[in-house]
Every structure is written in structure tokens, then in C-alpha cells.
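The next part holds the structures, each set out as C-alpha cells.
Next, two complexes with chain A in common: one pairs it with chain B, the other with chain C.
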Partner chain A sequence: MKASADLPMGFARRWMRLRGLVRKEFVQIMRDPSSIAIAFLLPVILLLLFGYGVSLDAEHVAIAVVVDQPSDLTASFTGGLVRSRYFNPIFLPTMAEAERAMRERRASAIVRLRSDFAEKRLRGSAPIQVVINGTDANTGRLVAGYLEGVWTAWLVEEARASGGSVVVPVEVEERVWFNSRIRSRDFLVPGLIAIIMTLIGTLLTAMVMAREWERGTMEALLSTPAAIPEILLGKLIPYFVLGAGGMLQSVAMALWLFEVPLRGSFLALLGSATLFLLAALGLGLLISIVSKNQFVAGQAAILGTFLPAFILSGFLFDISSMPAFVRGITYLIPARYFVAILQTVFLAGNVRSILIPNGIALFVMAVLFLGLSRLMSRKRLG
Partner chain B sequence: MTPTEPAKVVIEARDVHKSFSAGKRLVRALRGVELIARRGEVTGLIGPDGSGKTTLMRMIIGLLVPDSGTIHALGRDATRDSLAVQAVVGYMPQRFGLYEDLTVQENLELYADLQGVPRGARLERFQELTHMTGLGRFSGRLAGRLSGGMKQKLGLACTLVRTPELLLLDEPTVGVDPQSRRELWAIIDRLVRDDGLSVFVSTLYLDEAEHCDRVVIIHEGEVLGQDSPGVYSERMRGRAWTVMAAGVKPRAIQARLARVDGVLDAVVQGDGARVVGEVGWTPEPSRLLAGLEGATLAPAAPRFEDAFIDMLRSRAAGVEIAAPGERPIPNRHGDGPVIEVEDVQRRFGDFYAVKGVTFQVARGEVFGLLGANGAGKSTTFRMLCGLLPATAGRLRVAGVDARTAAATARERLGYMSQKFSLYGYLSVRQNLNFFSSAYGLAGARRGDRIRWALDQFQLAPYADAQSADLSLGYKQRLALACALLHEPEILFLDEPTSGVDPLARREFWRRINALAEQGVTVLVTTHFMEEAEYCDRLAIMAAGKILALGAPRDVKRSAVAAGEAEPTMEDAFIRLIERDQGSRDTT
Partner chain C sequence: MARRVWALAIKEFLVLLKDPRSRVVIIVPPFLQLFVFGFAASFDLNDVPIAIYCEDPGVDAQELLAGFRHSRHFDERARITRDAEIAPLIDSKQVLLVIHIGPRFSRDLRLRAPAVVQVVVDGRDSNTALVSLGYVHGVINRFNGEFAAREGLPGLPARLETRSWFNPNLESRWFIVPGIVGLITLVVTLLVTALSVAREREQGTFDQTLVAPFRAGEILLGKAVPGFVIGLCEASLIVLIAVFGFGVPFLGDLATFYAGLALFLISAIGVGLMISSLAVTQQQGLLGAFLFLVPAVILSGFATPIANMPPFLRYVTLINPLRYFLVILRGVFLEGAPFHLLIDQLWPMALIGGVTLTTAAWLFRKRSV
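Let's turn to the complex of A and B:
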């Protein structure tokens, strides 16, 4: 489409139209409680839920302990379980009762010390029987590991006390880098910021653009001299501000409420967030340009961006342990790159080898989605 | 078409074609449209729903591209030079894009920004516009809280923030009460007279043709004519007659005359009927008035509507309606009223949607509820159907209390809503099957009734067509057939004719009349004032109250002082509303 020469296409006119559109959008945001809720309330709820409620660490796991023939020796072992912060032992007299406890989910594992425990200990080994509820494979594996740890520690302790020796092949001295407290919260909260911004950026934009189509306001808008870039920017700017606000709020909560360290620079955080937000907004615009219907746009935004960001971004599940095919899909998800950057900036620092390639990927996606949005919108109906 | 100087032409369409694909079907929205609109005139585009009016409007403003042909607006190619056209043409779409969560003032500001109205000029312009539209008092109100008529006026004001040279209005008066409709037309007239604006306005109300300098008639994507309204009606001179018969129901006169050979059109008018004959037809009083005791025949002035009907009839093969009166509905509860509404109120929070409404409807009566959007018609309807409990008062339908025995009452009534409530993806037959099972019809009776519906409504040729693909007139037939499957004693019709072309509307009323003759009680809401003439009695509602109740003639008389000439139903309606507003303002 070419603009005629006799048209008042001056910068002032363009600026006036853009400002009018942006102001209109802000007034609508202010008057519509649902967009405020999505931008500011939902992040708080998600952060509180994941920060306090969801933890990938296994602590205070209830386990059933059955001691067939109690003695000083068994008491010394079970004492180790009681002292451990990982376990909450429940002492039960018979194996049958322990099994019932596990079936009723009152215990995640059973530790049984058979009647020959003391006798075998004297002969050098002291096997314990461990039954793990493997329903939750992750917790199960952790519990098995912790139990083995308690048992090994006890054996070493016993051996020292009795002057005997236990052959421990390798002495492991652990030092955890980056998340030294090994709190899963420190790892979840930064990733969560990416999820929240996907929600604000994509869902809100997809819905509000579709709303204009549904309510017939788009037809009136298109019939004015407003050009497509002005209409798109009129949506991008307000929701960029909203998304940035949501992000700053989330970062503040991460730093001061959950005490997640920020080891990298704030600037790196801001820069990558800007790129990600642009990609998310572009995707939202694209969805609503294609669907023109709030219901479909909302579904597409949730199924097409929010859920994949949740599952495939590396926020909850480690990407490197996914099958190759699924790993391939993750490259298409903008949140993947942002989660990698966020986890690095918060927990490790400004690691260039992570920031630069992921930042470039975000930039490419932002350009792609925004460019497609521009190309696919015309001042035409149908 | 008379040749017009190029400088005087504001819109010119040349051989415009446009098709859309709707599902598997190809819809030919425009087929070779040729038209011209002149500077400083109001050009009306009149045609029923689906005739291509909106498609044409959207092409003129450059929002749609024709498949072939050219469209010029103010000398610019609307397709190639869309931005230039949009800078000088004001367009008000059918559902104008008001932001309902923005105030009146904020909407005006937004469109002033978009149209590039300089800041300094705004205050004066806004004052002019709000004064003209009567919106001054409401500048701080959210657009969503305005009445339908107010919204349309605000939409018009937004379109006019920067005085355009050409104004395109797509059905600006649809869904607007008669009073606001009149006010909108007054605004348009003033814009043309004072500012020399050219206006191109589409409508489906035939009476609005009188406001136009020239009228383009469009039907099924083809232009049937473009001339001044006077030229159209002049063509019909000598073909219109009025028939009066004291003591005979006007509806009965109309029904009789409609069946006479050579009669093109017969409508109820006042105490009698108005007849339009085919070309060269001369009414023979002895034959025409046979069986009508003391009937008189007089020539009538032709009007635009006659020409419109004449044009459509000559194109559409006449639909013969078999007299449906095969068996009368049994009278199950004596001579008492079938519908009784006594001092009924319905409150939503502290807002009274209906306050103290009382009326009765007798068996076999056609009773109309007239009123603007928000007058309380639909709320009254829903309470009668047992879909909404009344806050206070008594409602009896077919002898049972609509509040406590809603299900029993519902078995005896048929309901047809404005939206026709059909399943678009189901075929005609599947819809009939579904509704017959919903009404609990089974076995032989079910088969009988479905055959009756297909036959009676001439739906058999379309039995396997998807109902979404039917024309609006056929959808209306199917919806009525579905509502009649279980042979209800009472028929509730909610805006049954909205958007349907005049021919389909006439046919529809003939069916309703026949049903009433069989003893079916009909309750109908409508915003077509002339349709009120088909009712035996009617109530005019406003702000939840009944302003007037009675036979059409009594209602019309009640609106004017003794000795004044009988007004049209629309005039009467507006007068009653104004009187009511006046009395409320003084108290």
C-alpha cells in the first residue's frame, strides 16, 4: 500500500495517533480488573505457590521403621534416622502394619531391621531391608539415596567406635557450586519469572487484540487513517510496560522475599528480559491476528505458549535428560532461552557463554514474531 | 441512470463482484454492482439482510477488495488508495467500534487523535458534537452504560470529529428505538443541509427511504434500481387501494385480500387493509369485497414500499402458503384469559426491569409488546416462559402459575427467539428431529409432525441442507416450524422478523394470523412499528412500565388529543414516550 502525497502523514500526526492509542489502552487496562489481576496478582500467587508450596527437595519424609528385635545396636541406627532432617520415622511393630502404612500413604518407605541385624553386624556387615514407594520416582530415588547415606554414615561411626574398620572405597567430600544451599526454591523462582512473563506477554496481548475484533472496534480503527505499525505499537507499548512491571515485581519478590541471590548483573537481567518480553508480545500479537476470537486466542496462548513454557523450558524439568525429539521441540520455545539466562544470572553470574547465545536466540525470536505480526496484518477485513 | 458530472459524484462503483467462501458454499455477495452517489445528497442503500450492503460499504472505505470491478470514493480508488480514502471519508460500521470501557469524552478524544484533529480545535468541535447529539450531560459516562440510541449517536459523533467530506453509515438505525431513530435522521439531515456533507447510508427499514434524496435498492448482491423515492412510488400510481369494512377485523380483511388473484401485496392498515395490485390490475369491487359486509374500496397514494415489494415479487417466485388451518387447537380451559399478568415486578439489584405490569391475553388473540431495547419486553417474556422468577406479582400461563409450575406451562407453549436458536451444523431434518424429541414427541406422531413441518413450511427441498446455510427467511421458517412441532396452545415470538426481508415478513405474518384463527394464542415482541398493526391488542412499554394498552387503533388515539388526526403507530409511540418522560421530569 502506498501513501499518497496529499495525505497529512507527518510525524506529528503519527505521534498523535500513537499516543491516543496507547493512552486508550492504558485506560482500558486500569478499568479492567482482569488484566491487572493477570499482570500483578497472578505472579504473586504463582511465586508464593512455587516459592513456599512446591519443593523438589525431599525433607521430613515419613518412613515406617520396623525393628524385629530391638537392641542397643538397632537403637543406635534408628537414632540416626530420627536425627536426620530428611526423615520422620514412625515406629511400627510388624511388617504388615508398615505395609499398610505405605499403602495408605502415611509412609513413603519402610526400613526393616531383621532379627539377625545385631548378629550380622558383629560379622562385619549389617544389612537393612528397604522398601521404597516408587510411585513418585523422583522422591523415591532421593529417599533411597538418603537412607543409604544414613546407613553408611552409621556403619562408619560404629566401626570407629568399636575400633574395627569398614572399607569405604572413596571418601567423597562434596562442594556444591552455584546453589550452595541446594535449595530447589533458588532454582525454581528465577525460572518462574520466565513463566509469569510468558503469561503476561502472550496471554494478555493475544486476548486484547482478539477483543478488538470481537467487539467490532477493529473495523472502526482500521477505517481511520491509523496505519498498521501504529495500531501494533499501540498494543505493544502498554503491554510491554505491564510485563516489565510484572517482571520487576517478581524480581523484587525473588530477591527480598525468597532471598534468592542475584550473582549476575541487574543490567544483564533487564536486557534479556526486554528481549524475551518482545518475543512473547510478538507471539501474542501473532496469535490474535490469526484467531480474531478471544476464546480461541486464549486457548492458543495457554496451550501453545504457557504450558510448553512450563514443561519444556527447563524451569521444572532438566532439558538435557529429555529424549532427543522433545529436546528438539524445546528450541522452538522462547522461554527455554530465558530460563537458561535467568538461572545463570541469578545463581552463577554473568556467564558470557550462556548469556550471548541465548540472548541472540531471544533476539531472533522477537524479530521473527514481531515481523510476522507486521506482515500478516493488513488494513483489510477478511 | 442519468449521467452526472464527474465533480458531483462522490461514490462510483463499476461492475463490482465479490464472493466469499462460507464453509463449502460460495456466497456471491455482490454481482456486478453499478452505482453512483452524488455530492451533497443523502443516498440510501436499501435491502434485506444478506443483500450485500455491508460488503459494499466495506469496499468503499477500502477494508475489502473487490474480486473484479472498481470503486471510487471522492475520486480516489478505494482499493489501491485506501489510506487516502480513509483520510477523507468517515465510516460508521454496523456495530460502531465504541470502547465500552471508555467514557464518552475518552472515545471522542481517541477518535480525534486518530483523525488528527488539532488540539486547539477540539474543544469547540466536541461541544458542537455533544450538543448536536444531546450527549453533553453524559460526557463522563462509560460508553457501555449508554442506551442503544445514545451509543449510535456517540458512534456518529466519533465519526464526525474531523468533518469528513463523505459519510458512510452502515445500518445506523438498527436496534435503535423510534425516538432515537428520528433524532439520528434529524442529525443527518442537518449535516447535509448545513455542512454540505454527502451521506451514503444503508438500512433495512423501508420507511427510511423517504429521508433520502436517492435510493439504491439492492437484493441478493444486485442493484435493482437507483432513483429518488418519488420516482419509485410514482411508478406505482393507480395500483394502491385501501379497503375498509366496519365490524370486520382488519386482519381478516387483509387475509382475505391477500388470496385474491392479481393482488401483489396486502397489509393491515388502521381499521382496514391496503392492497397493491399487479400491473394493469383493476379491482372489481364485487369480487374483491365478496363476503365483506359493507366494505368500501378507495384509491390510495402510492409509496416507496409498494415499489420495493413489486420489484422483489417480480424476482422471487411467489411462495404459496397452504392454509394451515387444518385442525383447531382444542380449548382446554374455557373462556378465561390464557395469559394473565398481574402487577408483576422484576428487580435486578436496585434496578426495576419491570415494575407493576398488568395485562391479559385471550385465547386466539395476537398480543404485541412494543418497546425500545431495555423497556422490559424480554424480561416480561422470560418470566412468562418460567425462565426468570418474578420478584413480585402473579403470572398465569395456560391456567398454571408460571412461577411454580413452569415446566407444565412450558409444555403448552412454543417459543421462537430472535436468534432463531437453531443448530447450524445440523440439517433441517436433524433440527426437526432434535426439537421433536426435546418436546417429547415419539412414534407415529413424531413422524407426522416432522412431515407436516417439511410440507407446511415448504422445507422439504432443503431437508438435508445444513441449517446454517439457509437464507434468513428460511431459517425463520424452520425456527417457527420447530416451535410448532408439539402443537402448542400458546406461541411466544421474540422479535421474530428482525432482519428478514419484507416478503418473508409478510409471509410470516400470514402464518401467524392463520394460527390465531385456529385458536393459538400469540404473544409477540417487535420493534417494527408497522407490524403492531397485525396485533389484535398491544402494549407499549418503556422503562419497565406499560404506557398504553389496547387495540392498535385505541393505542394510537390515546396518544393524541381528541379531534387530532389518527397518528401512525410510530408517531403514537414517540408521543407516548415523550409524555411519559415529561411526567417523570416534572415529578
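Let's turn to the complex of A and C:
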């Protein structure tokens, strides 16, 4: 090494040792392709699966429609249901049949126009009976909202047909920023990248150290002149390279396959991804050092990182609506900060007030996990 | 044969429960998860942070705003006076919505020209945006009704009378908590069974078991029993916590629930043992369990409905045992569904269990000789 010639001998030796350790790790990775599969294949599979499988956009919801006494008036209302892309109406003759359809999960809601619908309409206010299957509360709420939309459109249409105008005292004009089509995929896919990389980052390192302890090769490593930080770095660097590759691949899929817009800068994305990956790898290292056992390390990686990241990161469920003690727990989860950054960088842009505090939090977590790993691994045989 | 299987099952139990670390893994995380997820996994919003931007000093505007201030769904965090203040508040997520009442609001309202309230909402999380817009419509509709009645305006020609069955207040916790029963049961059963053979292979005790006078089927059965018993106990405990801790109603009958649970456990054990007989190392076993677990959770309807998925994924969900068990769980918890309405969920699990257990036995014989 030419560059190391004018550096102190100790540094040169350390550098040589680290290079050797990194190379050894890469050779091991190449020999057992399961790490490469975790880094590159797993993100593709997971992103495809989640990207297409997780959607909150309900369309063509099957609803049972019961019209007790069909007339032009009822037809104009049900026509709105037929035309709506949100509904797939099934016309049934009686309420009893509609109720059975709902119990058998063939319909998510019942819309019923009673026999006196036309008559009451002339006198003022005709009720449209709506029964929603509330088992899936979120879908139930969406269906209620869509039905209200159909109803409002019908009121306007009816008023226009009869020459008058409906006067609704106050109207709401909605402007949805950052995601005007209200596509759930646009916010889910950036969050998914955080979830998937949590898993891959921790799984990559968690299993590695534990395996070395189990196979006894860790003792062999300890008997070499390599110091603990060198051994840890020797593990960290190769898996960082693998993880970064998996991350870039996921971002590319988000942009070109799922067509999520990237409104912030690529640099912000790269910087936060680096910090996050360090935190995730650090957590993995820590798990493997503490457990020294693949069985426990693997389970801790899955139970302790993946599931919390899925539920507590704000990727799917709103953090600010959680009870205070659960909100407190979310601060311990690195994915929480990364999800916030990713959703903002992809959909909103480089918003400093989001990027900086969350970036600092990621940095602190990375330092914490890596520092703890350093502290917990002593050059000592168990 | 029963005695030999029993002896093997006892041995498996001891292996699982004697090691303090694996004991902890089986017992602690499931219950921690139940509590944390039970409280966290909800699509309902409380105290949505809003900013109010009111350019109309009139009484009507104040009355409308009072509707927002008194709603338990909203929490006023800021009051602004200029357009330029909207973006920083929303960008930094300090507020989710800005309610903007223009200077002509009262005049339009009195002239019977529709008065417009503009609502700017952060769409980064589209579901939160939709749900909070629903709350906004609720407040405005109430105002409209009261205003029309007070001013003697003609009522609307038709109105919606919406009720909801099975979950009258549309609480998503009632939907999620029964799902967690299925989720945790699956995780625990899979972890207990998927690693059992690989651990013995790594420790070298597997050969000893093989030379002992046991048939392959008996060894497999011995490994299945602990998964079944542990799954049964944990699921029962979680149901008790769901009912008494989270207050989720349990309207159906226990026999239907246990019929579903038994078939679900058999199918989950089948999958676990299949992975177990394929895996040479624990790492492979764990990876296999994981590769099954993640898709199984996503494609089960646990958090997001199967109906929203593209058609080809909907077909894939048909081989997922958790999908059927979740329908049973929600059926017996919320809907009080009788046995005959759930038969269509029971037989696919029996089929999956039969196929996976047979495959596991075949793989096991093939790979152990």
C-alpha cells in the first residue's frame, strides 16, 4: 500500500488486517449464497408482494341493493351506484336475502329504498336505509364515504332535472396535497422500503455473528491479533455493501415499477438510507452478540424488528393516534424515523423540518447500537 | 405406537422448555406483541391536529368552527391568517388539515349561494387523509342540518340513514385484535415446529433419534404434538385477553372457534414440519419459516382486505391457512357466525393440513435415509 507508507505502522497493520477480514467475509458470502439471497432476492419478493398485496383502496365493493318498489326515481339513484367504480351492486328482491348475503360475506353493505321512497321524496325527506358490515371497520368507513359521494351527486342531478337547485348551506372543497389521487400505494411503497430494509439489515448481521459463535470460528477469530473493532468492522462493511445494493434496488423498483414520484432529492434519500442501514446493521450485530445462538438471534431479529417495524413505524397505522405508552415505544424503533423521511422525500420534497430531526435520531440510533455492540463484545471466551 | 409418540413428545417439550432462552422466545414476545399491537394497530384517528384559517369574523363562521373545536376527532394546534402559513405547517406535519373559511363565507351563506369551506389535507398518508376528511364531512353535515332547520330551509329530498352491523362504532380495534389471535398463533406454532429437526441435525442428536426404534411418522408426530399443545394454550389465553382485556365481544360459540383453531394448527404445523424436514441448518429453517410467515400475514386480510388485491394475488391467498382462520375468528368474535356459515373456511384448512403433513412425512423419510 503506497498510501499507508507515510502513516504510522500501527495504522497500516490495522488497515491490512481489516482488509483481510473484509475479504474473508466476502469470500464466505460468495460461498454461501444465502446472504446474497437475503440482500437482493428477498427485497424484490417482499416489495412485489407488499406493493401489490397491501392496498387500502377499496374498489368494486360488492353491495346488496334492495328496491321495494322500483320507479324512475329509484332507478336514477341506483344508476349512480352502478356507474360508480367503487361499487359492484347486486340487486336482491327482499331485505331478508340481502341480510343473508351480508352474513355470508357476499356483500359489504346493504342499500335499501323502501316502498314509500317516491312518496316521501315528494313530501320532503325520503330515507335511504344503509347497513354497513362493520367487521372491517376501515373498509366500512370508506364504503360509507363513497355512498355519501353517490348520494350527493344524485341530489345535484335530481335538482337539476327538476329545474331547481339544491341548496346545501356549506360545501366542502377538498384539496389533498402530495397525493391528489389519494393512491394508498404512493404512501405505502416508500414505507415498505423502510420495513424491508429493517428486516434485511438485521437479518443479515444477526445470523452471522451467532453462527460464528456456534461453529466455534469466533474463538479462532479471537485468537488472531485482530482487535474487536476490526472484527466488527470486518463484519459490518461487507453487509453494508450488500444492504446498500438491496436498498438501491428497492428504490429503483419504487420509482419505475410502482411509479411513486420522487419529489425530494436523491442525495437526501441516500444520506438517510446510509444512516438507517447503519442503525439496522448495528441492531443486528447487537442481537447476535447478545444471543450467541442462531435460534434465538433469528427469532429476535424477526420478532424484535420486523413485526414492530410493520405495526409501530407509522407505515400503515397512524402513530399520533396511538396511546401515549405505545407512542413512547415507537421512538425506540429506527424504522419510525426512516418511514417519516421516506414518505416525505418521495411525496413532499426536501422538507428540512422533517429531514433534520429524523436524520439526527437515526444517527443517534446507529451510534448507540454500534457502540453497544462494541461494549458487549469482549475478547473473552465464554 | 401411542406410547412411543408420547415419549417423543415429552422429549420435545423438555427440549423446548428446558432452555431458558427458547422458553422466553415462546412465551414473552407473543404477549408483548398482543398488548403493543392491540393498542397500536388501529386505523381510527384521535385528536387530528388541525390549523384554522378564518378570514370571516361573522357569527356563522364562528359557529361552524365551534363544531370543529368541540369534536373529539380534532385538536386545534394553530390559528393562521395568511395563505403562506399553510405550507410550513403541513410540510412539517405539525397539522394534518387546514380548515380555511374565506372572507365571503357569511355573505354566501345568507344569500343561499353555497358557502365554501376549503380543506387542505396532507395526503402523504392517503388513508389518514381519507378518514380525517370523513370526520370533516361529519362536522359540516351536522352544521348544515342545524342551519337548515333554524332558517326553515326546505330539507333535502332524501337522506342517508346509515347503521353498521357487528361493530356499531366502526372501531378498528375490534377488527384487528381477533386478527392478532391468528397472527400470534401462527408465529408461535411455526417457530416451534420449523426449527425442531434442523436443531437436532446441527446438534447431532438427530442420528440418535433415527437409529432408535421409531418410525419416521412417529418421530414427525412427536414433533407435531408440542406445536399443537403450545398453539392451543397460547391461542386460548390470547382470546381471554382479547375479550376481558380489550373488550372485544365474543358472540359465537366456543365449539366453532376450537374446530377452526384445531384445523388451523394442523395446517400451520404441516407447513412448519415441511420447512423443518427441508432445512439442513437452523438458519435455513428460520429463513424458511420467515419466507412463509411474511406472505402469509400480508396475504391474509389481517391489516388490509383481500378484496383490494389484484386478481392474481387473490388466487394466491387461497392456499394461505391464515386467510381462512381470520374469517373464522372475526366470525365467532364479532358476527356470532354459526358453524354452518363457516364450513367454507374449515375444509380448505383441513385440505392444506392434509397436503402439507403428507408432504412433510414424505420429505422426512426421503431426507433421513
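Just a few scattered comments:
One rule holds for everything that comes next: the second predicted complex is superposed on the first by the 368 of 382 C-alpha atoms of A that agree within 3 Å, B and C clash if a C-alpha of one lies under 4 Å from a C-alpha of the other, contacts with A are read in each partner's own complex, and residues count from 1 in each chain.
As a convention for this text, a residue touches a chain if its C-beta (ideal position, glycine included) is under 8 Å from a C-beta of that chain, and two chains touch if they have at least 3 such contacts.
Owing to the predicted nature of the structure, the values given are computational and were not obtained by experimental measurement.
Contacts of A:Phe363 after superposition: neither chain B nor chain C is touched. In the superposition on chain A, no contact is made by A:Phe26 with either chain B or chain C.
By the document's definition of touching, of the two partners only chain C reaches A:Glu104; chain B does not.
Legend: residue contacts after superposition of the two complexes on their common chain; A:Phe40 is shown touching neither chain B nor chain C. Looking at the shared chain after the overlay, A:Thr217 reaches chain B, while chain C stays out of its contact range.
When the two structures are aligned on the shared chain, A:Ala126 is found in touch with chain C, with no touch to chain B. Touching more residues of chain A than its counterpart among chain B and chain C is C.
Residues of chain A that lie in the contact sets of both chain B and chain C are absent, per the superposition on chain A. Within the complex formed with chain B, the residues of chain A that make contact are 1, 3-4, 6-8, 13, 16-17, 19-21, 23-24, 27-28, 31-32, 212, 215-227, 379-382. Across the complex, chain A meets chain C through its residues 34, 38, 45-46, 49-50, 52-59, 61, 77, 102-105, 117, 121, 124-142, 144-145, 147-148, 151, 154-155, 158-159, 166-180, 182-184, 186-187, 203, 207, 211, 214, 291, 293-296, 298-300, 302-304, 306-308, 311-312, 314, 316-318, 320-323, 325-326, 329-330, 340, 343-344, 347-349, 351, 353-354.
Taken in their complex, chain C has these residues touching chain A: 21-22, 25, 29, 33, 36-37, 39-47, 49, 64, 88, 90-93, 109, 112, 114-131, 133-134, 136-137, 140, 143-144, 147-148, 153-172, 174-175, 187, 191, 195, 199, 202, 281-284, 286-287, 290-291, 293-295, 298-299, 303-305, 307-310, 313, 327, 330, 334-335, 337, 341. Chain B contributes residues 20, 58, 61-65, 76, 81-84, 86-87, 91-102, 106, 109-116, 155, 158 to its touches with chain A in the complex.
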